[in-house]
Amino acid sequence: MRLSAGEIWTGLVGAFAVGVAALLPLFDQGYYLALALNIVLYAALCTAWTLFSGPTHYVSLATAAFFGLGTYAVGLGLDYLPFPALVLAGGAAAAVLAGLVGAATLRISGVYFVIFTFGLAELVRQVVSYAQTKLSTRMGLYVFTDFTEKHIYWMLLALTVLVFITGWLINRSRFGFAMQIIGNDETVARHSGINTARLKIILFMISGAFIGMAGAILAPRYAYVEPPSAFNPMISFLVVIMALLGGTLRLWGPLVGVIPFTLVMDFVSVRFPNDTSIVIGITFLVIVYLLPDGVTGRLEQLLARIRQPRSHAEPAAVKEPA
Amino acid sequence: MTAVALSVSGARKAFGGLVAVNDVSFDVHEGELFGLIGPNGSGKTTMLNLISGALKSDAGEIRLSGTRISGLPAHRIARFGVARTFQLVRMLPSMDAERNVIAGAVFGHQRLWGAPARDLARELLALVGLRGREHVPVVAMTYIDQKRVELARALASNPRVLLLDEWLAGLNPSELHIGIQLIDKLSRQGRTIIMVEHVMDAIRSLCGRCLVMNSGRKIKEGDVSEVLSDPQVVEAYLGDDDDA
Amino acid sequence: METIVTGILLGGTYALVALGLTLQYGVSRIMNLANGETLVAACFIAFWLFTSYQVSPLWGLLVIAPVAFVVNWAIYMLLLRPLVDRAKTQGMLEVDSILATFGLLFMFQGLMLRGFGGAYTSYAFLAERFEIFGTFYGLNRVVAFVAAVLISSALYLFLYRTRYGTAVRAVAVNPNSASLVGIDVARAAALSFALGGALTACGGALLSTYYTFNASMGVVFTMKALIIVIMGGVGDVRGAVIAALILGITETAVARLIDPGLTLAATYALFTLVLLFRPQGIFGRQQA
């Protein structure tokens, strides 16, 4: 495996950043740790989301459903299985759901996919609530472990690293190339021999699995797990906003959105708790009208304009028939 | 008698009430340069779409070297060895010329990756006249150059049958001359090619046999000189005297 | 039997909302996720008119519908036209419009939460009993249904019996061809978006007569409207109505016969079946 100089450099910087981040719990175990945990959580979620929604341009709102499944896997299985197995089980359950949703919706246009995932978290919540009322007396599950905030923080950090490595491996592989082609022009992809439906589903499952694992890791943070909080649709919306704000053209793009947005939301939810929706709405509009490729996309555009002089050939409009 | 590369029998495709392809049958032999012509709306591109798998035919069969390909999804047909260009050129806009061509080489009829794929891409881009421009982003290229990239991409899979959908459309006379020479070169290399075309000079100079469609039906098949002088064919193109 | 009638009554209101979205998606090609907010806003305005001025919601429609029309027209011209103009493909416009209307959803919901609070609200209008085939239903539900039928019929007449309505349908089928025959597509799109908003608002006002509403419920209705529109076939008015009735009946049946907590599951099950076996919807055209 030959690595370019740029990749080695990025790897070292990343490893350094992770190392520094890992030291945080030794300095603070209160407010800053909680904030950092939130940031790392959304870093994992947004990057996992971008694994799929970046190359394919399919906006997935299913994050909360996968996340909740992971949380519930831990809640249900904590008395029977060791924690690591439950994390894997959470990821597997999310992957299965992703496979089912993908098989139903990814063969048709992206709009149906978005709509289907729009209500998916609500659907799963309803089904889980129903099952809970039928099968047990109470709605929630108790999750008692020895894990403290810092353990969860480190686990999430490890998960984030895993997501990044996976993304990097995919990008260099035939699979990643195929996904790029699909994102560029699905008709060309099909006529080049790519089984677009199957690959989209597989990538969606990989992305979903990581999100499920994040949900599982987070379960011990709250001693009591119940459907409305586990399957909170806000998770889906926040992930989309942060990833798009940062930009999905690069794997590390979402990070650029996660850090500032988490801080802003933290600020707003304390000072102006009734206005969080409005802030989210305005951010979406800013993204659509001013930053269609996110902050990183805009920065790269500016860099390209500074670097390259105008080319001499007159460019033809690339016709993509509707 | 050379082997049959592609055989179409009884192909039919209807969109609601409009029958775009109506019971069309023909054979294309190995190494042949076969023309598919007809007035606008006669169903030629639909016929290509049926062969490449972009559309599923309602009836009939299409076989590639004896193996049935009708009814299969497009990606499997591509892997069996059918490659095509499109009427409106389809580029992969975020990539350069080389990667656009490699895209054809990785997943299709032959599966190359890494250095062999890059070498092939470079070779093919040189073949179509884009030597040295491998790293130009395709969105910065002229339409004719994009067409060449698309042709190189189709060739990258080393297809058994190459479908050209009005590849010579929109070219000025000198570009047309070069384009015809290029297709001629490909044909002499032994490629089996089906070309849908309006440019009659190209059909005359390149094709051995051709098929004329009109309103979805086949009205004549045979040697080009015979077909183009057939009164039915002339009438199909020019219309009756009373169509003022 | 009672289930079916209740389901149909419910379906009538759903149909109005779905018709609004059908126009917005089918003609203007905008997937308006903020559609539900128009509905909720209409609920609150109807409530306000009734409780503060004793204006019956039916008369209130004369105020609510034009206001919704104008507001939606403004939204389209100011916020959505720039997206239409800059989108290079249909796919890009869909993604952009989803995200933009998503932003509007949050903004409007936030503003309404601020203005009206998060409490559940309702009011009593025509809450007497009305008999159909021996069983009693709320008169408000029946009246809402009848009003919905009247409004839908007016829409049908507009779309199928007037020149402008036919132009609108042409744009839904193929905007390029429509512009070739001289139809002002941009105008038709703006008009349809505004009209769609007015229809949804009517649905909201009628719904408020018998449904307990709150500022956050827009999302649920948007979801149902989206599912109905797709089930009926994008841009097809008859399909939307039929799908709405089917949904109304299914929801009511599931709520009564199985469990009220599974209504969304039933809706999704229907939706999945449609996606798997007939993604173009009941009346949709097969994509090439």
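Quick notes on this one:
When the chains are written out, they are named A, B and C in that same order, and each has its own residue count from 1.
The definition used in the following text is that contacts are C-beta pairs under 8 Å (C-beta built on N, C-alpha and C of every residue); 3 or more make two chains touch, one makes a residue touch a chain.
Note that the structure is predicted; figures quoted are calculated from it, not measured.
Core chain by CA centroid proximity to the global CA centroid: A.
Of all chains, the one whose mean C-alpha position sits at the greatest distance from that of subunit B is C. Our note on geometry: subunit B versus subunit C, Cα centroid distance of 46 Å, whole angstroms.
Subunit A and subunit C, compared by their mean Cα positions, are separated by 31 Å. In whole angstrom, the spacing between the mean C-alpha positions of subunit A and subunit B is 42.
Touching of two or more other chains is recorded for residues 320 of subunit A. Within the complex, the subunit A residues that touch subunit C are 57, 59, 104-105, 108-112, 114-116, 118-119, 122-123, 126-127, 129-130, 133, 233, 237, 244, 274-285, 287-289, 292, 320, 322. Those residues of subunit B whose C-beta lies close enough to touch subunit A in the complex are 52-54, 73-76, 78-79, 83-84, 86, 88-95, 102-104, 106-109, 113, 136, 138-143, 145-146, 153, 157. If you check the complex, the residues on subunit A that touch subunit B are 174, 177-178, 180-181, 183-185, 187-196, 311, 313-316, 318-321. The part of subunit C that touches subunit A in the complex is made up of residues 31, 33, 79, 82-83, 88-91, 94-96, 98-100, 102-111, 113-114, 219-220, 223, 226-227, 230, 259, 261-265, 268, 271-272, 275-276, 279.
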